[in-house]
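One chain, subunit A, appears in both complexes that follow, with subunit B as partner in the first and subunit C in the second.
Moving on, here comes the complex of A and B:
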(Lines of atoms letter the chains of each structure in order from A and count residues from 1; the text may use other names and numbers.)
(Lines give C-alpha, C1' and ligand atoms only; values in the text may rest on other atoms or scores of the structure.)
Protein backbone atom coordinates (compact mmCIF):
# COMPACT_ATOMS: atom_id res chain seq x y z
CA UNK A 1 0.00 0.00 0.00
CA UNK A 2 1.99 3.03 -1.15
CA UNK A 3 1.33 6.24 0.71
CA UNK A 4 2.27 9.89 0.37
CA UNK A 5 5.21 9.42 2.68
CA UNK A 6 6.57 6.55 0.61
CA UNK A 7 6.18 8.68 -2.52
CA UNK A 8 8.04 11.61 -0.93
CA UNK A 9 10.79 9.34 0.37
CA UNK A 10 11.17 7.72 -3.05
CA UNK A 11 11.48 11.08 -4.76
CA UNK A 12 14.03 12.12 -2.13
CA UNK A 13 16.10 8.97 -2.75
CA UNK A 14 15.99 9.52 -6.52
CA UNK A 15 17.05 13.16 -6.05
CA UNK A 16 19.91 12.05 -3.82
CA UNK A 17 21.18 9.61 -6.46
CA UNK A 18 20.82 12.25 -9.20
CA UNK A 19 22.81 14.75 -7.14
CA UNK A 20 25.49 12.10 -6.48
CA UNK A 21 25.88 11.32 -10.20
CA UNK A 22 25.99 15.03 -11.07
CA UNK A 23 28.62 15.67 -8.38
CA UNK A 24 30.80 12.82 -9.69
CA UNK A 25 30.54 14.17 -13.25
CA UNK A 26 31.27 17.72 -12.06
CA UNK A 27 34.42 16.66 -10.24
CA UNK A 28 35.78 14.38 -12.97
CA UNK A 29 35.01 16.66 -15.92
CA UNK A 30 38.05 18.39 -17.48
CA UNK A 31 36.09 21.08 -19.32
CA UNK A 32 35.28 23.56 -16.59
CA UNK A 33 32.19 24.98 -18.31
CA UNK A 34 30.61 21.52 -18.35
CA UNK A 35 31.66 21.08 -14.72
CA UNK A 36 29.78 24.26 -13.77
CA UNK A 37 26.69 23.02 -15.62
CA UNK A 38 26.83 19.66 -13.78
CA UNK A 39 27.21 21.56 -10.51
CA UNK A 40 24.06 23.54 -11.36
CA UNK A 41 22.18 20.26 -12.01
CA UNK A 42 23.31 19.01 -8.61
CA UNK A 43 22.09 22.25 -7.02
CA UNK A 44 18.70 21.82 -8.72
CA UNK A 45 18.35 18.39 -7.14
CA UNK A 46 19.21 19.91 -3.77
CA UNK A 47 16.60 22.66 -4.22
CA UNK A 48 13.82 20.09 -4.81
CA UNK A 49 15.18 18.14 -1.84
CA UNK A 50 14.86 21.19 0.43
CA UNK A 51 11.27 21.68 -0.69
CA UNK A 52 10.37 18.06 0.06
CA UNK A 53 12.12 18.21 3.44
CA UNK A 54 9.66 20.99 4.39
CA UNK A 55 12.08 23.89 4.17
CA UNK A 56 10.50 26.02 1.42
CA UNK A 57 12.17 29.23 2.64
CA UNK A 58 15.57 27.61 2.16
CA UNK A 59 14.52 26.58 -1.34
CA UNK A 60 13.47 30.16 -2.14
CA UNK A 61 16.88 31.50 -1.08
CA UNK A 62 18.84 28.58 -2.51
CA UNK A 63 17.49 28.65 -6.08
CA UNK A 64 18.74 32.16 -7.03
CA UNK A 65 22.00 31.80 -5.14
CA UNK A 66 23.14 28.30 -6.11
CA UNK A 67 21.58 27.92 -9.56
CA UNK A 68 21.78 31.54 -10.70
CA UNK A 69 24.64 33.33 -8.99
CA UNK A 70 27.30 30.65 -8.40
CA UNK A 71 27.42 29.45 -12.04
CA UNK A 72 27.33 33.05 -13.30
CA UNK A 73 30.27 34.09 -11.14
CA UNK A 74 32.29 30.95 -11.91
CA UNK A 75 31.57 31.29 -15.64
CA UNK A 76 32.82 34.88 -15.40
CA UNK A 77 35.99 33.55 -13.75
CA UNK A 78 36.44 30.88 -16.45
CA UNK A 79 35.99 33.51 -19.14
CA UNK A 80 38.73 35.63 -17.57
CA UNK A 81 41.14 32.70 -16.99
CA UNK A 82 41.54 29.17 -18.38
CA UNK A 83 38.81 26.90 -19.66
CA UNK A 84 40.48 23.48 -19.46
CA UNK A 85 41.86 21.88 -16.35
CA UNK A 86 45.32 20.33 -16.05
CA UNK A 87 47.43 19.10 -18.91
CA UNK B 1 6.42 -5.69 8.46
CA UNK B 2 10.07 -6.60 8.57
CA UNK B 3 11.45 -4.06 6.13
CA UNK B 4 10.21 -0.50 6.39
CA UNK B 5 10.44 0.94 2.90
CA UNK B 6 10.37 4.54 4.10
CA UNK B 7 13.40 4.17 6.33
CA UNK B 8 15.12 2.23 3.55
CA UNK B 9 14.60 5.10 1.09
CA UNK B 10 15.70 7.65 3.67
CA UNK B 11 18.86 5.59 4.23
CA UNK B 12 19.53 5.70 0.47
CA UNK B 13 19.23 9.50 0.62
CA UNK B 14 21.60 9.68 3.62
CA UNK B 15 24.19 7.47 1.92
CA UNK B 16 24.01 9.61 -1.24
CA UNK B 17 24.59 12.74 0.84
CA UNK B 18 27.63 11.20 2.52
CA UNK B 19 28.94 10.10 -0.88
CA UNK B 20 28.59 13.71 -2.00
CA UNK B 21 30.68 14.77 1.01
CA UNK B 22 33.40 12.28 0.04
CA UNK B 23 33.34 13.32 -3.63
CA UNK B 24 33.59 17.02 -2.87
CA UNK B 25 36.44 16.44 -0.38
CA UNK B 26 38.28 14.52 -3.10
CA UNK B 27 37.69 17.43 -5.47
CA UNK B 28 39.05 19.96 -2.99
CA UNK B 29 42.18 17.99 -2.09
CA UNK B 30 43.12 16.15 -5.28
CA UNK B 31 42.13 18.23 -8.29
CA UNK B 32 44.81 20.67 -9.49
CA UNK B 33 42.67 23.51 -10.85
CA UNK B 34 41.70 26.31 -8.50
CA UNK B 35 38.36 26.77 -10.29
CA UNK B 36 37.57 23.08 -9.80
CA UNK B 37 38.41 23.51 -6.13
CA UNK B 38 35.90 26.38 -5.88
CA UNK B 39 33.19 24.24 -7.52
CA UNK B 40 33.94 21.38 -5.11
CA UNK B 41 33.81 23.79 -2.17
CA UNK B 42 30.31 24.95 -3.13
CA UNK B 43 29.20 21.31 -3.39
CA UNK B 44 30.68 20.63 0.06
CA UNK B 45 28.91 23.62 1.62
CA UNK B 46 25.55 22.67 0.09
CA UNK B 47 25.94 19.08 1.25
CA UNK B 48 26.67 20.18 4.82
CA UNK B 49 23.58 22.42 4.69
CA UNK B 50 21.47 19.50 3.45
CA UNK B 51 22.70 17.35 6.35
CA UNK B 52 21.65 20.09 8.79
CA UNK B 53 18.19 20.23 7.15
CA UNK B 54 17.85 16.46 7.36
CA UNK B 55 18.62 16.54 11.09
CA UNK B 56 15.59 18.77 11.68
CA UNK B 57 13.24 16.82 9.39
CA UNK B 58 10.36 14.79 10.74
CA UNK B 59 7.75 12.94 8.77
CA UNK B 60 4.16 13.74 9.43
CA UNK B 61 2.26 11.22 11.54
CA UNK B 62 -0.49 10.23 9.13
CA UNK B 63 0.98 8.79 5.92
CA UNK B 64 -2.34 8.62 4.08
CA UNK B 65 -2.92 12.37 3.93
CA UNK B 66 -0.99 15.12 2.19
CA UNK B 67 1.37 17.13 4.27
CA UNK B 68 0.19 20.18 6.17
CA UNK B 69 2.41 23.26 5.97
CA UNK B 70 4.26 23.97 9.22
CA UNK B 71 2.33 27.10 10.19
CA UNK B 72 -0.30 27.95 12.80
CA UNK B 73 -3.54 29.14 11.20
CA UNK B 74 -5.42 30.45 14.25
CA UNK B 75 -4.69 33.78 15.86
CA UNK B 76 -4.81 32.79 19.52
CA UNK B 77 -4.02 29.06 19.63
CA UNK B 78 -5.20 26.90 22.47
CA UNK B 79 -3.10 24.27 24.20
CA UNK B 80 -4.39 21.44 22.01
CA UNK B 81 -3.63 23.33 18.80
CA UNK B 82 -0.09 24.07 19.97
CA UNK B 83 0.41 20.48 21.09
CA UNK B 84 -0.76 19.09 17.75
CA UNK B 85 1.38 21.63 15.90
CA UNK B 86 4.49 20.79 17.91
CA UNK B 87 3.98 17.09 17.29
CA UNK B 88 3.92 17.46 13.49
CA UNK B 89 6.14 20.41 12.54
CA UNK B 90 9.79 20.24 11.56
CA UNK B 91 12.58 21.82 13.60
CA UNK B 92 13.03 25.48 12.51
CA UNK B 93 16.47 26.04 14.11
CA UNK B 94 18.56 24.21 11.45
CA UNK B 95 16.63 26.04 8.75
CA UNK B 96 17.52 29.42 10.27
CA UNK B 97 21.18 28.40 10.57
CA UNK B 98 21.26 27.11 6.98
CA UNK B 99 19.70 30.34 5.71
CA UNK B 100 22.58 32.25 7.29
CA UNK B 101 25.16 29.73 6.07
CA UNK B 102 24.03 30.05 2.44
CA UNK B 103 24.57 33.81 2.47
CA UNK B 104 27.95 33.52 4.20
CA UNK B 105 28.98 30.85 1.69
CA UNK B 106 28.06 33.22 -1.14
CA UNK B 107 30.39 35.90 0.30
CA UNK B 108 33.22 33.40 0.79
CA UNK B 109 32.84 32.10 -2.77
CA UNK B 110 32.97 35.62 -4.22
CA UNK B 111 36.13 36.32 -2.24
CA UNK B 112 37.76 33.10 -3.50
CA UNK B 113 36.74 33.89 -7.09
CA UNK B 114 38.47 37.26 -7.05
CA UNK B 115 41.50 35.76 -5.25
CA UNK B 116 41.78 33.21 -8.08
CA UNK B 117 41.44 35.97 -10.65
CA UNK B 118 44.27 37.90 -8.99
CA UNK B 119 46.46 34.76 -8.90
CA UNK B 120 45.86 34.32 -12.63
CA UNK B 121 46.76 37.96 -13.31
CA UNK B 122 49.99 37.74 -11.31
CA UNK B 123 51.24 34.27 -12.24
CA UNK B 124 49.46 33.43 -15.51
CA UNK B 125 48.03 30.10 -14.34
CA UNK B 126 45.34 28.61 -12.11
CA UNK B 127 47.09 25.25 -11.68
CA UNK B 128 48.27 24.82 -8.10
CA UNK B 129 51.18 22.60 -9.19
CA UNK B 130 52.55 25.39 -11.37
CA UNK B 131 51.87 28.04 -8.73
CA UNK B 132 53.77 25.98 -6.13
CA UNK B 133 56.85 25.76 -8.37
CA UNK B 134 57.13 29.53 -8.80
CA UNK B 135 59.93 31.42 -7.05
CA UNK B 136 59.70 34.92 -5.66
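Moving on, here comes the complex of A and C:
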Protein backbone atom coordinates (compact mmCIF):
# COMPACT_ATOMS: atom_id res chain seq x y z
CA UNK A 1 0.00 0.00 0.00
CA UNK A 2 1.63 3.26 -1.06
CA UNK A 3 1.81 6.09 1.42
CA UNK A 4 -0.40 9.18 1.20
CA UNK A 5 2.44 11.31 -0.14
CA UNK A 6 3.23 8.83 -2.91
CA UNK A 7 -0.45 8.80 -3.85
CA UNK A 8 -0.58 12.60 -4.08
CA UNK A 9 2.62 12.69 -6.13
CA UNK A 10 1.23 10.00 -8.45
CA UNK A 11 -1.99 11.97 -9.00
CA UNK A 12 0.12 15.09 -9.63
CA UNK A 13 2.18 13.22 -12.22
CA UNK A 14 -0.94 11.94 -14.02
CA UNK A 15 -2.51 15.43 -14.01
CA UNK A 16 0.72 16.91 -15.32
CA UNK A 17 0.85 14.47 -18.23
CA UNK A 18 -2.86 15.04 -19.01
CA UNK A 19 -2.27 18.79 -19.04
CA UNK A 20 0.72 18.33 -21.32
CA UNK A 21 -1.26 16.23 -23.84
CA UNK A 22 -4.05 18.84 -23.77
CA UNK A 23 -1.53 21.65 -24.36
CA UNK A 24 0.03 19.85 -27.36
CA UNK A 25 -3.40 19.15 -28.83
CA UNK A 26 -4.36 22.81 -28.33
CA UNK A 27 -1.28 23.86 -30.32
CA UNK A 28 -1.76 21.32 -33.13
CA UNK A 29 -5.53 21.83 -33.50
CA UNK A 30 -6.63 23.84 -36.53
CA UNK A 31 -10.19 24.43 -35.27
CA UNK A 32 -9.68 27.29 -32.82
CA UNK A 33 -12.84 26.57 -30.82
CA UNK A 34 -11.60 23.03 -30.15
CA UNK A 35 -8.18 24.47 -29.28
CA UNK A 36 -9.80 26.67 -26.61
CA UNK A 37 -11.56 23.60 -25.17
CA UNK A 38 -8.24 21.69 -25.03
CA UNK A 39 -6.70 24.72 -23.33
CA UNK A 40 -9.52 24.71 -20.77
CA UNK A 41 -8.88 21.00 -20.10
CA UNK A 42 -5.23 21.81 -19.48
CA UNK A 43 -6.29 24.60 -17.08
CA UNK A 44 -8.60 22.18 -15.24
CA UNK A 45 -5.69 19.81 -14.65
CA UNK A 46 -3.57 22.74 -13.43
CA UNK A 47 -6.33 23.85 -11.02
CA UNK A 48 -6.32 20.37 -9.42
CA UNK A 49 -2.52 20.44 -9.29
CA UNK A 50 -2.50 23.79 -7.47
CA UNK A 51 -4.94 22.38 -4.95
CA UNK A 52 -2.81 19.25 -4.40
CA UNK A 53 0.32 21.42 -4.06
CA UNK A 54 -1.46 23.10 -1.09
CA UNK A 55 -1.99 26.44 -2.86
CA UNK A 56 -5.76 26.93 -2.44
CA UNK A 57 -5.39 30.69 -2.95
CA UNK A 58 -3.98 30.14 -6.42
CA UNK A 59 -6.57 27.46 -7.18
CA UNK A 60 -9.37 29.88 -6.24
CA UNK A 61 -8.11 32.54 -8.65
CA UNK A 62 -7.18 29.99 -11.32
CA UNK A 63 -10.61 28.35 -11.57
CA UNK A 64 -12.61 31.48 -12.54
CA UNK A 65 -9.82 33.06 -14.62
CA UNK A 66 -8.41 30.09 -16.55
CA UNK A 67 -11.54 27.96 -16.88
CA UNK A 68 -14.22 30.69 -17.05
CA UNK A 69 -12.97 34.12 -18.10
CA UNK A 70 -10.02 33.30 -20.37
CA UNK A 71 -11.82 30.77 -22.64
CA UNK A 72 -14.77 33.17 -22.79
CA UNK A 73 -12.58 36.09 -23.91
CA UNK A 74 -10.82 33.94 -26.52
CA UNK A 75 -14.15 32.57 -27.79
CA UNK A 76 -15.42 36.16 -28.14
CA UNK A 77 -12.30 36.96 -30.17
CA UNK A 78 -12.65 33.84 -32.37
CA UNK A 79 -16.23 34.91 -33.09
CA UNK A 80 -14.81 38.19 -34.42
CA UNK A 81 -12.26 36.49 -36.72
CA UNK A 82 -12.08 33.11 -38.48
CA UNK A 83 -12.77 29.84 -36.76
CA UNK A 84 -10.30 27.74 -38.78
CA UNK A 85 -6.60 28.45 -38.86
CA UNK A 86 -5.30 28.83 -42.42
CA UNK A 87 -2.02 27.54 -43.86
CA UNK B 1 -0.35 16.83 -40.67
CA UNK B 2 -1.40 13.19 -40.43
CA UNK B 3 -3.02 11.62 -37.43
CA UNK B 4 -0.02 9.32 -36.81
CA UNK B 5 2.39 12.20 -36.96
CA UNK B 6 0.39 13.96 -34.22
CA UNK B 7 0.36 10.83 -32.07
CA UNK B 8 4.14 10.38 -32.44
CA UNK B 9 4.85 14.04 -31.59
CA UNK B 10 2.57 13.96 -28.54
CA UNK B 11 3.90 10.62 -27.27
CA UNK B 12 7.54 11.64 -27.65
CA UNK B 13 7.01 14.96 -25.83
CA UNK B 14 5.10 13.25 -23.03
CA UNK B 15 7.85 10.61 -22.71
CA UNK B 16 10.50 13.35 -22.61
CA UNK B 17 8.71 15.27 -19.85
CA UNK B 18 8.03 12.07 -17.88
CA UNK B 19 11.71 11.06 -18.04
CA UNK B 20 12.78 14.59 -17.02
CA UNK B 21 10.37 14.52 -14.07
CA UNK B 22 11.63 11.06 -13.06
CA UNK B 23 15.24 12.25 -13.15
CA UNK B 24 14.30 15.35 -11.12
CA UNK B 25 12.45 13.40 -8.46
CA UNK B 26 15.37 10.96 -8.16
CA UNK B 27 17.74 13.83 -7.40
CA UNK B 28 19.28 14.12 -10.86
CA UNK B 29 19.83 17.89 -10.52
CA UNK B 30 21.57 17.63 -7.17
CA UNK B 31 18.51 18.22 -4.99
CA UNK B 32 15.26 16.36 -4.41
CA UNK B 33 11.74 17.73 -4.73
CA UNK B 34 9.74 18.39 -2.66
CA UNK B 35 12.12 19.99 -0.19
CA UNK B 36 12.29 18.31 3.18
CA UNK B 37 11.84 21.45 5.26
CA UNK B 38 10.25 24.90 5.13
CA UNK B 39 12.59 27.70 4.09
CA UNK B 40 13.59 30.37 6.63
CA UNK B 41 11.62 33.17 4.94
CA UNK B 42 8.47 31.03 4.91
CA UNK B 43 9.13 30.05 8.52
CA UNK B 44 9.27 33.74 9.53
CA UNK B 45 6.01 34.52 7.70
CA UNK B 46 4.28 31.53 9.32
CA UNK B 47 5.62 32.63 12.70
CA UNK B 48 4.44 36.26 12.44
CA UNK B 49 1.23 36.06 10.41
CA UNK B 50 -0.96 35.62 13.47
CA UNK B 51 1.01 35.80 16.69
CA UNK B 52 -0.65 37.57 19.67
CA UNK B 53 2.57 37.18 21.69
CA UNK B 54 4.47 39.22 19.11
CA UNK B 55 1.91 41.86 18.17
CA UNK B 56 4.45 44.49 17.10
CA UNK B 57 5.75 42.25 14.30
CA UNK B 58 2.55 40.41 13.43
CA UNK B 59 -0.04 41.06 10.73
CA UNK B 60 -2.69 39.63 13.09
CA UNK B 61 -4.63 37.85 10.33
CA UNK B 62 -4.67 34.04 10.20
CA UNK B 63 -4.51 33.86 6.39
CA UNK B 64 -0.85 34.02 5.44
CA UNK B 65 -1.27 34.67 1.71
CA UNK B 66 -3.66 37.62 2.11
CA UNK B 67 -1.41 39.05 4.83
CA UNK B 68 1.57 38.90 2.48
CA UNK B 69 -0.41 40.28 -0.46
CA UNK B 70 -1.95 43.28 1.32
CA UNK B 71 0.21 43.82 4.42
CA UNK B 72 3.81 42.59 4.15
CA UNK B 73 3.96 43.34 0.39
CA UNK B 74 1.05 45.77 0.01
CA UNK B 75 2.89 48.11 -2.38
CA UNK B 76 3.48 45.27 -4.89
CA UNK B 77 -0.24 44.55 -4.94
CA UNK B 78 -1.02 48.24 -5.42
CA UNK B 79 1.14 48.29 -8.57
CA UNK B 80 -0.45 45.02 -9.72
CA UNK B 81 -3.86 46.64 -9.37
CA UNK B 82 -2.54 49.67 -11.27
CA UNK B 83 -1.39 47.44 -14.15
CA UNK B 84 -4.82 45.82 -14.36
CA UNK B 85 -6.41 49.28 -14.21
CA UNK B 86 -4.25 50.55 -17.08
CA UNK B 87 -5.05 47.49 -19.21
CA UNK B 88 -8.78 48.15 -18.81
CA UNK B 89 -8.40 51.89 -19.39
CA UNK B 90 -6.47 51.05 -22.57
CA UNK B 91 -9.26 48.91 -23.95
CA UNK B 92 -11.88 51.49 -22.98
CA UNK B 93 -9.80 54.15 -24.77
CA UNK B 94 -9.59 52.07 -27.97
CA UNK B 95 -13.35 51.55 -27.96
CA UNK B 96 -14.15 55.12 -26.85
CA UNK B 97 -16.47 56.16 -29.70
CA UNK B 98 -18.45 52.95 -29.85
CA UNK B 99 -21.92 52.98 -28.33
CA UNK B 100 -22.27 50.19 -25.78
CA UNK B 101 -25.94 50.99 -25.26
CA UNK B 102 -28.06 48.11 -26.48
CA UNK B 103 -30.12 50.28 -28.80
CA UNK B 104 -33.62 49.08 -29.57
CA UNK B 105 -34.94 45.83 -28.16
CA UNK B 106 -34.53 42.97 -30.62
CA UNK B 107 -37.67 41.32 -31.93
CA UNK B 108 -38.63 37.91 -30.58
CA UNK B 109 -36.70 35.99 -27.94
CA UNK B 110 -32.91 36.27 -27.75
CA UNK B 111 -30.24 34.13 -26.16
CA UNK B 112 -30.25 30.42 -25.48
CA UNK B 113 -33.12 28.07 -24.59
CA UNK B 114 -35.46 28.54 -21.56
CA UNK B 115 -33.82 25.56 -19.81
CA UNK B 116 -30.40 27.20 -19.89
CA UNK B 117 -31.89 30.53 -18.84
CA UNK B 118 -33.66 29.02 -15.81
CA UNK B 119 -30.50 27.22 -14.69
CA UNK B 120 -28.52 30.43 -15.12
CA UNK B 121 -31.00 32.41 -13.00
CA UNK B 122 -30.24 30.00 -10.12
CA UNK B 123 -26.48 29.69 -10.63
CA UNK B 124 -25.88 33.45 -10.94
CA UNK B 125 -27.12 33.89 -7.37
CA UNK B 126 -24.90 31.05 -6.18
CA UNK B 127 -21.86 32.48 -8.01
CA UNK B 128 -22.35 35.93 -6.45
CA UNK B 129 -22.78 34.39 -2.97
CA UNK B 130 -19.59 32.33 -3.35
CA UNK B 131 -17.73 35.38 -4.65
CA UNK B 132 -18.83 37.50 -1.68
CA UNK B 133 -17.84 34.68 0.68
CA UNK B 134 -14.38 34.35 -0.90
CA UNK B 135 -13.75 38.10 -0.72
CA UNK B 136 -15.24 38.84 2.71
CA UNK B 137 -13.47 35.87 4.35
CA UNK B 138 -10.23 36.65 2.53
CA UNK B 139 -8.42 37.46 5.77
CA UNK B 140 -9.54 34.19 7.43
CA UNK B 141 -9.59 31.48 4.76
CA UNK B 142 -7.95 31.05 1.33
CA UNK B 143 -9.22 33.69 -1.05
CA UNK B 144 -9.25 37.46 -1.20
CA UNK B 145 -10.30 40.45 -3.23
CA UNK B 146 -8.94 39.38 -6.62
CA UNK B 147 -10.22 35.82 -6.27
CA UNK B 148 -13.68 37.02 -5.22
CA UNK B 149 -13.78 39.65 -7.95
CA UNK B 150 -12.78 37.18 -10.67
CA UNK B 151 -15.46 34.77 -9.46
CA UNK B 152 -18.09 37.51 -9.37
CA UNK B 153 -17.20 38.52 -12.94
CA UNK B 154 -18.36 35.10 -14.18
CA UNK B 155 -21.98 36.05 -13.33
CA UNK B 156 -22.32 39.01 -15.77
CA UNK B 157 -20.44 36.93 -18.36
CA UNK B 158 -23.03 34.15 -18.10
CA UNK B 159 -25.92 36.63 -18.33
CA UNK B 160 -24.28 38.31 -21.33
CA UNK B 161 -23.84 35.05 -23.25
CA UNK B 162 -26.99 33.20 -22.22
CA UNK B 163 -29.45 36.11 -22.23
CA UNK B 164 -28.27 39.04 -24.38
CA UNK B 165 -26.53 42.41 -24.44
CA UNK B 166 -29.90 44.11 -24.30
CA UNK B 167 -30.97 42.21 -21.18
CA UNK B 168 -27.80 42.99 -19.21
CA UNK B 169 -28.01 46.69 -20.10
CA UNK B 170 -31.56 46.74 -18.82
CA UNK B 171 -30.33 45.27 -15.51
CA UNK B 172 -28.19 48.40 -15.12
CA UNK B 173 -24.86 46.74 -15.95
CA UNK B 174 -23.62 49.35 -18.44
CA UNK B 175 -20.08 50.42 -19.27
CA UNK B 176 -20.38 53.73 -17.43
CA UNK B 177 -21.91 52.15 -14.32
CA UNK B 178 -19.08 49.59 -14.23
CA UNK B 179 -16.48 52.35 -14.71
CA UNK B 180 -18.02 54.20 -11.76
CA UNK B 181 -17.91 51.09 -9.53
CA UNK B 182 -14.35 50.40 -10.64
CA UNK B 183 -13.22 53.96 -9.86
CA UNK B 184 -14.93 53.84 -6.45
CA UNK B 185 -13.09 50.58 -5.69
CA UNK B 186 -9.72 52.09 -6.64
CA UNK B 187 -10.40 55.26 -4.60
CA UNK B 188 -11.30 52.97 -1.69
CA UNK B 189 -7.98 51.11 -2.04
CA UNK B 190 -6.07 54.41 -2.12
CA UNK B 191 -7.94 55.74 0.93
CA UNK B 192 -7.35 52.50 2.84
CA UNK B 193 -3.63 52.66 2.06
CA UNK B 194 -3.40 56.10 3.70
CA UNK B 195 -6.09 55.80 6.38
CA UNK B 196 -3.79 55.01 9.34
CA UNK B 197 -1.25 57.61 8.20
CA UNK B 198 -3.92 60.30 7.76
CA UNK B 199 -5.66 59.74 11.10
CA UNK B 200 -2.37 59.51 13.01
CA UNK B 201 -0.93 62.62 11.35
CA UNK B 202 -4.00 64.63 12.37
CA UNK B 203 -3.38 63.55 15.94
CA UNK B 204 0.30 64.47 15.73
CA UNK B 205 1.77 60.93 15.65
CA UNK B 206 3.85 59.05 13.11
CA UNK B 207 2.80 56.14 10.90
CA UNK B 208 3.75 54.36 7.69
CA UNK B 209 1.98 54.36 4.34
CA UNK B 210 0.13 51.02 4.01
CA UNK B 211 0.28 50.53 7.78
CA UNK B 212 -2.06 47.92 9.16
CA UNK B 213 -1.10 46.88 12.68
CA UNK B 214 0.97 48.85 15.22
CA UNK B 215 4.68 48.57 14.46
CA UNK B 216 7.82 49.61 16.40
CA UNK B 217 8.09 53.46 16.51
CA UNK B 218 4.62 53.71 14.87
CA UNK B 219 2.18 52.74 17.59
CA UNK B 220 -1.04 53.48 15.69
CA UNK B 221 -2.90 50.81 13.74
CA UNK B 222 -6.20 49.32 12.72
CA UNK B 223 -8.06 47.11 15.21
CA UNK B 224 -7.55 43.47 14.28
CA UNK B 225 -10.76 42.36 15.96
CA UNK B 226 -14.20 43.90 16.40
CA UNK B 227 -16.39 42.36 19.07
CA UNK B 228 -14.30 39.21 19.19
CA UNK B 229 -14.32 38.46 15.45
CA UNK B 230 -11.14 38.98 13.47
CA UNK B 231 -11.18 41.69 10.80
CA UNK B 232 -7.51 41.71 9.78
CA UNK B 233 -7.45 45.51 10.06
CA UNK B 234 -7.02 47.00 6.59
CA UNK B 235 -7.12 43.57 4.92
CA UNK B 236 -10.93 43.36 5.04
CA UNK B 237 -11.29 46.85 3.48
CA UNK B 238 -8.68 46.11 0.80
CA UNK B 239 -10.42 42.84 -0.10
CA UNK B 240 -13.87 44.46 -0.42
CA UNK B 241 -12.63 47.35 -2.59
CA UNK B 242 -10.47 45.06 -4.72
CA UNK B 243 -13.44 42.75 -5.33
CA UNK B 244 -15.53 45.63 -6.70
CA UNK B 245 -12.65 46.97 -8.80
CA UNK B 246 -11.74 43.60 -10.33
CA UNK B 247 -15.28 42.37 -11.03
CA UNK B 248 -16.29 45.71 -12.60
CA UNK B 249 -13.08 45.73 -14.66
CA UNK B 250 -13.68 42.27 -16.11
CA UNK B 251 -17.33 43.16 -16.80
CA UNK B 252 -16.26 46.23 -18.83
CA UNK B 253 -14.07 44.00 -21.01
CA UNK B 254 -16.94 41.57 -21.63
CA UNK B 255 -19.37 44.37 -22.48
CA UNK B 256 -16.86 45.76 -24.99
CA UNK B 257 -16.13 42.34 -26.50
CA UNK B 258 -19.84 41.58 -26.90
CA UNK B 259 -20.33 44.46 -29.33
CA UNK B 260 -20.82 43.04 -32.85
CA UNK B 261 -17.76 43.38 -35.07
CA UNK B 262 -19.59 45.35 -37.79
CA UNK B 263 -20.34 48.22 -35.39
CA UNK B 264 -16.78 48.26 -34.05
CA UNK B 265 -15.14 48.31 -37.49
CA UNK B 266 -17.51 51.01 -38.69
CA UNK B 267 -16.34 53.34 -35.92
CA UNK B 268 -12.65 52.34 -35.91
CA UNK B 269 -12.24 52.92 -39.69
CA UNK B 270 -13.52 56.45 -39.22
CA UNK B 271 -15.45 58.61 -41.64
CA UNK B 272 -14.58 59.97 -45.06
CA UNK B 273 -12.22 62.55 -43.60
CA UNK B 274 -10.08 59.75 -42.25
CA UNK B 275 -9.89 60.40 -38.53
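The criterion applied here is as follows: the second predicted complex is superposed on the first by the 85 of 87 C-alpha atoms of A that agree within 3 Å, B and C clash if a C-alpha of one lies under 4 Å from a C-alpha of the other, contacts with A are read in each partner's own complex, and residues count from 1 in each chain.
Note that in this section contacts are C-beta pairs under 8 Å (C-beta built on N, C-alpha and C of every residue); 3 or more make two chains touch, one makes a residue touch a chain.
All values reported here derive from a predicted model rather than from experimental measurement.
If you count the residues of subunit A touched by subunit B and by subunit C, you find the higher number for B. When the two structures are aligned on the shared chain, A:40 is found in touch with neither subunit B nor subunit C. Of the two partner chains placed by superposition, only subunit B is touched by A:85; subunit C is not.
When both complexes are overlaid on chain A, the residue A:10 reaches subunit B alone and has no touch with subunit C. In the superposition on chain A, contact of A:64 is made with subunit C only, not with subunit B.
Touch criterion met: A:20 reaches subunit B and subunit C at once.
Of the two partner chains placed by the overlay, only subunit C lies in contact with A:72; subunit B stays clear of it.
When the two complexes are laid over each other on chain A, subunit A has residues 9, 13, 16-17, 20, 24, 57, 61, 65, 69, 73, 76-77, 80 in contact with both subunit B and subunit C.
For subunit B in complex with subunit A, the residues that touch the partner chain are 5-6, 9-10, 12-13, 15-17, 19-20, 23-24, 26-27, 31-33, 35-36, 38-40, 42-43, 46, 49-50, 53-54, 57, 59-60, 63-67, 69-70, 90, 95, 98-99, 102-103, 106, 109-110, 113, 116-117, 120, 125-127. Those residues of subunit C whose C-beta lies close enough to touch subunit A in the complex are 1, 6, 9-10, 13-14, 17-18, 21, 25, 65-66, 134, 142-144, 146-147, 150-151, 153-154, 157, 161, 250, 253-254, 257-258, 261. Every residue of subunit A that touches subunit B in the complex is listed here, in rising order: 3-6, 8-10, 12-13, 15-17, 19-20, 23-24, 26-27, 32, 35-36, 39, 42-43, 46, 49-50, 53-55, 57-58, 61-62, 65-66, 69-70, 73-74, 76-78, 80-82, 85-87.
By the touch rule above, subunit A contacts subunit C in their complex via residues 9, 13, 16-17, 20-21, 24-25, 28, 56-57, 59-61, 63-65, 68-69, 72-73, 76-77, 79-80.
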